[in-house]
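Submitted below is the structure of interest, expressed as structure tokens.
Order of writing sets the labels: A, B, C, D and E. Residues in every chain begin at 1.
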Amino acid sequence: MGIRVENLQKSYGTEEVLTGLDLDIPDGTFFSVVAPTGAGKTTLLRIMAGIESADGGTVYYDGRDMSTVAVQDRSVGMVYQEFVNYPSLTVRENLASPLEVSDKNYSRDEINQRVEETAKMLKIDHILNNLPEEVSGGEAQRTAISRALIKEPDYLFMDEPLANLDYKLREQLRSDFERLFSEQDTTVIYATPQAGDALAMSTHIGYLHEGKLIQDAPRDEIYFRPRSLPVAEYLGEPPMNLVTGTLVEDATERYFELRDGTRITAGSATGAFPALDAGHDYQIGFRPQDMVYLNGQDAAQAHGEDTVLNMDLAFVETVGSTSTLHLDYDGRELYALNAGPVHASPGAALSFSLDPEKLYIYDAESGDLIAAGNKIPSFTQK
Amino acid sequence: MKKQYYLILFLVLLMVPIYWMLNMSFKPNSEILQQLTFYPHEFTLKNYQEILSSEFWRSGYINSISMALMNVTFVTITALPAAYAFSRWNFRGDKHLFFWFLTNRMAPPAAFMVPFFILYSNFNLIDTYWAVALAHCLFNLPLAIWILEGFMSGIPKEIDEMAFLDGHSFPSFVWNIFLPLITPGIAVTAFFTFMFSWVELLLARTLTNEAAQPITVTLTRSLGAGGWDWGVLAAAGVLAMVPGAIIVYLVRDLLATGFSMGRV
Amino acid sequence: MKQRPWLFLLPALLLVSISAFIPLMTVMNYSQLTLLPGTQPYFAGLENFVAILQDPAFQGALGRQFLFSFLVLITEIPLGLALALCMPKDGPGVGVSLVLLGIPLLIPWNVVGIIWRVFTRSDIGVLPEVFDWVGVTYNVSQFTGDAWWTVLAMDIWHWTPLVVLICYAGLQAIPEEFYMAAKIDRASPWKTFRYVTLPNLRGVLIIAVLLRLMDSFKIYAEPFVLTGGGPGSATTFLSTYTSRMAIGGFQMGRGAATSLIYFFIVILLSFVVYIIMLNLGQGAGNDS
Amino acid sequence: MAEIEVRDIRHVYDQGSPDETVAIERINLTLQDGTANALLGPSGCGKTTLLQIISGLLQPTEGHILIDGEDVTDKPPAERDIAQVFQFPVIYRSMDVYGNLAFPLRNGGVPEAEIESRVHRISELLELDDILHSSPSNLGPELNQLVALGRGIIRADTSAILFDEPMTDVEPSRKLTIRRRVKEAQQEFGITALYVTHDQHEALTFAEQVAIMKDGNLVQYDTGENLYQSPVNTFIGHFIGSPGMNLLECGLSQENGDPHAHLGPHQVPLDSALAPRLDLGWTDCHVGIRPSSVTVQVAEPHEDTGYLPATVDQVEMLGGFQIITATLDHTDVEVKARVAHDFAIDEGASVWLSFPPSDIRFFHDHEAIPA
Amino acid sequence: MLSFPPEWMQWTLPTVLFLGFIAAMLVGLTLWDIKDPGWARQGLLPIDTTRGDRVFMGLLLTGCTFCLWMLFFSQTAVWGVLLVGAVLVAGSISFL
């Protein structure tokens, strides 16, 4: 059943934040709402949790209209970007607090036991007797999460909980979350501007754009089949590359002709992309990791089927074994990922081969996905 | 640090008049009137004795303290929910209402003394603690709302939301979570309310006669009476400063927190 | 749910209606009446207002009031700010300074008057004696000039500490990074003050100016005790004038009209100052 | 443009008082002229303290700072000609963007004409042209930070520019672009730069050489590639890389003259060049292997090819690639491996892993044993 | 003493009219705001003002005019200020 949201509207002053948003979150999923800062993710979460009221529209939990149900009577938890804990209570009292006011009338022992268990699970059992201001940022946030989890809410809302944490800690918690929540029945609704975080943890992802969810789907589906340009550009680190090309069809082959005359084969051998019209402009998308960097000799013997793209290197960033190449092409900034360092200086012309089976074709006007070549590896539903 | 000498100089100048009064309070009238001495040559506690043994002066202190405490109670109880409303919710006209409250802080007591007198006469409240305690709400309530609103706005709204999400009812949230957090704010508010009530003269004088006359009024009346008992007057002035000092001492830690987190 | 804020405001609104609103309405009514003791009130229209506005004593008190508040602001605010800048940032000096600064604020206002009266009286005060040594005649109850600057000095003595405390709290709240950046950018001490300290203290200064303006406009007890408004009417300010009108004068209608005009001027002035201060230095000036 | 030398710097906060804390134990570091450097470490490792000591905002307890060989330890920041950009945007609110950018130049007495040309150069580089005359209060933290960055790089006479986590307030999707602009400016003007961050990605992309600090000590100062390939200890191995190096506790044995590491019942051959440096009696040994170096195979390999059987616990999609966490069968040793973004794998599946000997690093007592 | 309105308040017609006018204005502004929310904007003054601010400024201006009029012309044609006031308030709402 889960949470269903219908036609949600909200504005602050003259600024419309949500404009008729619809959403379905199945029970037991880890659902990420992804969007840049200021797009209304926080508002959406707050309305769903019942902290804020909407201007219009309805939120259902398990099919029940929640508009008249007070927050206290909902089985929800919330974790904020700032580490929100009760400053005057110790970590232990913080954790115990939701249980003490619960109408289930827990006994002292039960409360203690659950506090210990939860603290152990989130690795904060060593700081139970400290005040929140005495612990590190990571521990404070774990405390906030523990307090949200301890009463085993049906729905847990998390609003960029990792944003204010150190990089390494974020990596660690991201991994912990994925494990923790795949074992719990709690449905998690997670807001983040970081595509990477969402992809790492979620089972489902929704992309919020101009007040609506323009796509919400299981994680692999939205990553491998981004239905429109904004989703394609956002969900990926670095983002998907997009170039404009015109479809040309002649007696022997079909190909996209780019502005600089490069031809990208339109999969004649496999019969892909049937629904395209010759003479039209398309946005052709491909992921940076699908661009294969060709060293000098490789370029000469590139695979016959593959398309070769020539671009000017603007800038290289090498982190560990991966180099991110910033490329200037047709007035746009494109990216390519390469395993291993690239020894070339800015301004050098580089060649890349591209598998025509891994292209995404978008309508140049509407921005809608027309065809995608990349296969979806598996649709694991958790 | 050279610039700190200026501060020290100012602090010294600040203390001179106070020292003069203190100095006077330990002198007999003869010494006061006859010669200029920078410390009491004939040290005496007679002035203090006279005050502490006189019913007239003693009741002045008791009246003052009772009125100020009553006023603090009224103000704190009403200002807390109002400040909460201003700090937590946006509602139509909130800014204007807030400004209107503040205009009452601006209101000159002199402009209100006549209607106050008539109003309280009609309820037979003249010369009771009630009259003065209620009248002082005129300027203390806005001040209290203003200070408390500052403190409350410094506490993230998310704390409230967390508490409600955790299942706290509103009273439980206020009692267990919110009040402990706002204690410094309440202390600062109570301090200022008490002080302003304690030092006010005009309304207190208008609304009281013999029975409920606070110390400030006693002081001016005895001054006007022409007795010119300077030693006693100085001693009374020194004693009038004592309650303020005691309160500051009691809430000094909270005041420090208050100064750093709120507006004053 | 939507009316919840009003529920919370209800007690305060009730209290204010007793302590402010009903009295204010009463003043309004009275201001249009001729109220002579022992006779029926009769409607006088705007007569009281005209009489007050055209009363030279009122005009004099109003003029003195403006001059006094103006002098108070231009001395206490810069002085307070300068002293706050002289305060140590940490260490034992802070506590001592704060306590000493707090003392004048804790003294009942008429005791302030008494302190200064015994300090400046010609028969028992130390100040006249000191002036005598220097060879200057000084007498508060005789010379207008002496009375004026003594009242002013008393107000500075009494209230500058408040300005220092407010400014000090504001200074403490300026993030250290701003000063670090100014150092890195080679800003001179004056430029650091002009571009870092002042802009960041704006809100605090608004509060200080408003508080001092409002309170100096209401000043009553201190000059009343110190000089009794004299010599002559040299230190009669609006509050003194109003209270005389209301209690001492026999016509309560006049007193009410004075109160209304008084209140109106205070609100008007505070509003104007508030608006000006709020927008001062807000625009994008490119001064170097 | 200068070389900066940090010599024997030690710093203690509140020395002599009960809450005395040592922020920097003892650090020696030389930043070459015109290079981009980063100072990387977890929160509270002392990196901001070191930065402030270099810029002169803080006097070190002991040691010296040398700029181009000249001891500047006792000089105030203004005389060191060092620019610094702070974590949150420090903006002079009463001036517009132009005034903010021009401020350090005006304080240095630069003629107005030159100021104008430099401001325009910088605003072009950082794309601030459109907002030059707006008030910064209305621009939001991100643009404010760009202005603050511009104020840092505008001075022609800066010997160095220091960045203190400048990207904290910048929208994630914009970091890439802004970092690129800063880097380009640094290269164009040939400024010696030091960039403090806790984000290894930022450090490694910005800097040619990265200094890693931990608990007030400098652990390793090296190029990104060396930090990644040859970490000096397990801390660096774990800290650098996302996720960090797999550090697997192991036993040690020698078979046919070749060293082997034991992971439970499994044996992993080590580089034979290591053999003379190993002592079979060692305990507390770790093999380290980068997730990207682990080869993952789904189909059961032929026998004796060195593949270790494992079961997948967790699959994380990280945008550009996936990370699988697998437990080696019959052990509780967890190994992370990096696979392509379209590699099809499910949790619970059986996989076979292999560790190429040349990519294995060996640690004893958490220190690397070089081959 | 318990009569309503209390006798000592000495209600006069102008006060009733004045307060009634203020109350009507508050109600009117509230209704107007519900129907057509007015946001802060900048007019002749270089500051952001809401509708309520502008009405308040108009009233203050009217008050000033009243005082100055009575100071210089006594009660001569003082009702004329009401007209001036109406213009001032309307003008403030639209232009300030």
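Assume contacts are C-beta pairs under 8 Å (C-beta built on N, C-alpha and C of every residue); 3 or more make two chains touch, one makes a residue touch a chain.
A quick note: this is a predicted structure, and the numbers were derived from the prediction, not measured.
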{"item": "Lowest number of touching-chain links that must be crossed from subunit B to subunit E", "value": "1"}
{"item": "Fewest touching-chain hops separating subunit D from subunit E", "value": "2"}
{"item": "Third chains touching both subunit C and subunit B", "value": "E"}
{"item": "By count of C-beta pairs in contact, the leading pair of chains", "value": "B-C"}
{"item": "Chain centre separation in whole Å, for subunit D relative to subunit B (CA means)", "value": "57"}
{"item": "Inter-chain centre distance, subunit C versus subunit E - centres from mean C-alpha coordinates, in Å", "value": "27"}
{"item": "For subunit E, residues that touch 2 or more chains besides their own", "value": "8, 56"}
{"item": "For subunit C, residues contacting two or more additional chains", "value": "22, 26, 30, 267, 283"}
{"item": "Residue ranges of subunit B touching subunit C (in the complex, touch as defined)", "value": "1, 3-4, 6-7, 10-11, 13-18, 20-21, 24, 32-33, 36, 74, 77-79, 81-82, 84-85, 89, 91, 94, 97, 101, 103-116, 118-119, 134-135, 137-138, 141, 145, 195, 198-202, 206, 215-216, 219-220, 223, 230, 233-234, 237, 240-241, 244-245, 248, 259-260, 263-264"}
{"item": "In the complex, subunit B residues that touch subunit E", "value": "92-93, 95-96, 118-119, 121-123"}
{"item": "Subunit A residues touching subunit B - in the complex, by the definition given at the top", "value": "49, 51, 70-72, 76-78, 80, 82, 84-89, 97-98, 101-103, 147-148, 151"}
{"item": "Subunit D-facing residues of subunit C, complex", "value": "175, 177-178, 180-181, 183-188, 191, 195-196, 198-200, 281-288"}
{"item": "Contact set on subunit D toward subunit C in their complex", "value": "52, 55-57, 76-78, 82-84, 86-88, 90, 92-96, 98-99, 102-104, 106-108, 133-135, 137, 148, 151"}
